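To start, the structure itself, in structure tokens.
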């Protein structure tokens, strides 16, 4: 009785991991290109930029918020970095870019934390104006930069692991540590779980909310630098159009509820992997783009629906 | 036909690195070629007839064609192409999302040794010389054809409004430049306003309505950068009862455009046939794989469509 | 001259439209247990929220051990050595017990990182100290209300607070846990810690308090040693008139069976429960906290999935798979958590009252009629004596007891024949309680069948025609009128032998 | 004295949007003589009709504490369905009915899933996002990814002409306004938004209501799409992309709270008109695309800041 319950609990808890493993197993059997180093590296490289944003999004979602403007910020930071790299020099350009990301995040945070604007609206507004600024700044033209140093870094690797993947993994580890072992991190959980109760316990919820948006902005800035290094180019019109929603879906597919108060970086990493592996598999299997899109939508619906349904029945 | 994005189906799963392995497990006697098509946008209407034409050619020539949707994301395109190379394809057709982001893709393609063709949009000038073959329209020339028409219509000068596509795309830049260069020859022609409708019919209609409000019958001519947007412009003009007073020129040969030229509402258009573009693209790719000589730039036929010759064109 | 641990002098606090505190003075002697009593809405909780800095007083002063202090926020209160057990549970549901214990004050190690190890150990010790076992790693959302309340108590007493405020700490505790709490309070007093104790249960006051302050309508009425009080004086001071504390007499006799439930099962919660309800009858549902009474009733009204079982209303078999069907079959339930499941706090009193039966205030059942709505609201505000500045006041601004009355009003308005009342008097002052008892009688006399859950022994014995006792999701027994006694109920409720 | 001041402020915030609207209209009329004409005003309303119909549909969902991100894709799907009939088979009525039913079906699926899993706001956010992706794909598959333009003629091509779009917009707005304001159904939706659990325990069939609300939003979106396709006499499988955000922006600019239970149809109409007037004004004043985006973003934020602080003031102010 309890045994079957335990087993069921295990499956419920680890549904996504099991799904990931099954998917990988299936792909390994049907397609010998799947389990190759280069394919797996490709999967990781692609997720490294928006994965970085996903980590910050995880923090925000734990705090009960999310950000629709991350993709626009990402685009703004990328074009800014590319345009100013030559005049500023690499390190200052990186710093200023990240600072711009942080500034956008601060505005969002101020609106949400101090003025009590729902994040959906605040970031919907900033999504529009930030992209407007990016487009205005570049006059809508794609920007490129021939700087070899950043290009080599963006496409180079260390000990066989691509630099971008390393940066991303570092970000995962930092996020996990921040969430688990720092006071600010734990306060984010408390505020996400219940803002009122956290405040009664003397936690400064406004500070936490401000912080998560600044972190998001910084992450978008870093991701902007990363993509610029990899592609040596950026486009205010095209970059990051789906990034925010992809990041949110990855977090949710990983099993973190949008209602806040729980979640972890590792879970989001798994969510990212599920989505990336799925994409990769569908492409390797030669599924057409329209059907891929259909499957992608259905997968999000099904995973989330099962997850929510299970978590509601878990109390039994 | 919803199969636009669909390709050979299950056979892809058995794809292997060496072409020889393929022959064993299929009943076909000749070796099947694997061609990979990395689209910038698979879901834009323009892509649909292009894909269909390519598939037809592929079927006729026993080619296994795999298409993927880059969703306008240059990084995604890079990764898709890397994956394709990992899988071991015989040739890659690359339709870049934007010019600037092509640098790392072309660098990679040049390095990996897989033959490739660039389709629809040019690559960044800095890597132009590495590209073995480009298939595409000369957008500037196309814009020039429309410009000539305008020049002809507005012999005594007049006022022009422009409805533009997504800013920063090669098409938008070329269409505008070609057109503006031409009408600059007559300094009595004035451009009153330019707004971007982002290739969207409904947005174009709104912009046209607002043009009508602002300038009324001061407008003598509308230049629509593409045919899809023209549908919205035509609707706005006919609603306002101005179809006779305000004339249009546009680029592209949507069936609707041909009908309107036939009935004399639309002055004329520069032709752009996505089917021809697709078919030429894969044809050139095929030739490149077979080791045949191809020109550096295979220009897609572009002519002026007028009521006299409209029957020579196939609408899409 | 005795030394006071806390003096709150001439505190005034205004809310829009409400003078919640009107020159309240409270003086608490060091090392004593001091009770604050008063009707619902008297201002007890508000006074305590002024003490912890959630609200700022409009005027007045606070002195701790003679020193005047300003309390701007809860952290100041904490640092001054005042800790709180709030009327509402204040634990973050998604976090573990350990983390809730240290909420806002997590321990860090030398590396400035969270010290999980030490914290877990400390929590275990703190829980042991109050004789309560619980895995500190469990998430709070998995816990029962009682367990949560015990954590709050353990948290408040574990620090080195000099003053501990407990605002109705026993309202969701079972007898057993109340005992534990009283033991703790005795220990604390021995250690010289001052306790402020707010409760509507007068027997508790007489049991553990040294001194009591009565507050009425935001004003201090009296402060006396508890031994100088009698229950009657206390009640009179609270309500401003004399009230008999006997349960009002009911004239009606139970009639025919109008509702029966057979073999009700709910997965892992309720096992094969049968019950019958007669017209004009009050059936008590007794049991310890967590016995599954709420769960049973939620199953009956279709709020939770019924695994097996059969419902008959007026002899006819009915299917109730959601709450709407229950209402249509004339069953309604006043839930125990009024803020969570009873009211839309953003809605006005009027809107909350009419919500269960909107067609009744609509012309032709389609168009809502403002006049009818107001008439209905006015009627129930008067009948239940709901204290509100007006029927358009948002219910979030009412005191707990008045909120409860609105929830009851809402179900009275729906005209159901079978009314389930889950802890109808929890957190309600004696005056209001009496009114609710009268109301229950009136409903019974009108021929309604009432199923009343209550954890208060007096109440369930005083009000019921018949009592069903539950334990762990099982029906343990049924007591007819002549068998009803506290001993019999307790014997069944704590019965540990399993069938 | 202080009380009086509060009263004025609260009045200002209550009708703040109306003031903002009047202010914008005044300023723009001064700057541009073309703006303040009957033609242009009808023009604005006609342009706003599509987003407007979507917005009032989604308002109902938002009032109940949910959200629907799939309505943009529903517009795309309904558009290609209706145009495929208008063109290929010349059966406008069949096409329109099927298109509207398709919208209802999308809503039904949304609603059923969310009802079955007892989804909260955040769950409907992500479920309808998945639906957005899936429905967009269905539109692509159905149309083969192609443009569909109409040949004109027939009932369908009339719906988008002249005053008809405005009529439909106002018609649906009035109907839904009356339903939400003066019927038990509407009141129950507000109650659901204010406290879903309490609504459930008060005998509201939450699952039924949730499903119905999404169906309403779906049908409104597909109706909007029929009008849109008629207006431009064309549809593409991506024509509704991003419309859901425009519609939701209009709802929140109008002052309906995303947490549910507060706001209403009238506010949404106001929000739609403000956004419409603003967009038109910027176009008429020949502001280019990018600065327009920047201004639009800030307007959304400012409108909501005003609204939220107004509510705060009211809750702390006179009752």
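Letters A, B, C and D name the chains as they come in the text, with residue numbers starting at 1 for each one.
We adopt the following convention: a contact is a pair of C-beta atoms (placed from the backbone, for glycine too) under 8 Å apart; a residue touches a chain by one contact, two chains touch by 3 or more.
Note that the structure is a prediction, hence the values are computed from the model and not measured.
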**Prompt:** Would you say A-B or C-D is joined by more C-beta pairs in contact?
**Reply:** A-B
**Message:** Using Cα averages as centroids, what's the distance between chain B and chain C in whole Å?
**Reply:** 70
**Message:** Using mean CA coordinates as chain centres, what's the gap between chain C and chain D in Å?
**Reply:** 43
**Message:** Taking the mean of the C-alpha atoms as each chain's centre, how many Å separate chain B from chain D?
**Reply:** 33
**Request:** Among the residues of chain D, pick out those that touch two or more other chains and give their numbers.
**Result:** 136, 140-141, 145, 289
**Multi-chain contact residues (two or more partners), chain B** = 2-5, 42-43, 167, 196
**Asked** Do you know which chain A residues sit against two or more other chains?
**Response** 135, 139-140, 290-293
**Asked** Connecting every touching chain pair, does the picture come out as line, ring, star, complete or other?
**Response** other
**Complete:** Touching pairs of chains in this structure are A-B, A-C, A-D, B-D, C-D
**Residue numbers on chain A that touch chain B, as the complex places them** = 30-33, 36, 38-39, 42, 45-46, 49, 135, 138-144, 146, 151, 155, 227, 230-239, 241-242, 280, 283-293
**Fill in**
Given the complex, residues on chain A that touch chain D span 111, 115-118, 120-122, 124-133, 135-136, 139-140, 245, 248-249, 252, 257-259, 290-294, 296-301, 304-305, 308-309, 312
**Touch list for chain D against partner chain C, complex** = 182-184, 187-188, 190-191, 194-195, 197-208, 261-262, 316-319
**Prompt:** Hey, which residues of chain B end up touching chain D in the complex?
**Reply:** 1-5, 42-45, 47-49, 51-52, 167, 193-196, 200-202, 205-207, 209-211, 213-214, 216, 228, 231-232, 234-235, 239, 254-256, 259, 316
**Complete:** Given the complex, residues on chain B that touch chain A span 2-13, 15-17, 39, 42-43, 66-69, 71-76, 78-80, 82-83, 86-88, 97-104, 124, 126, 166-169, 173, 196
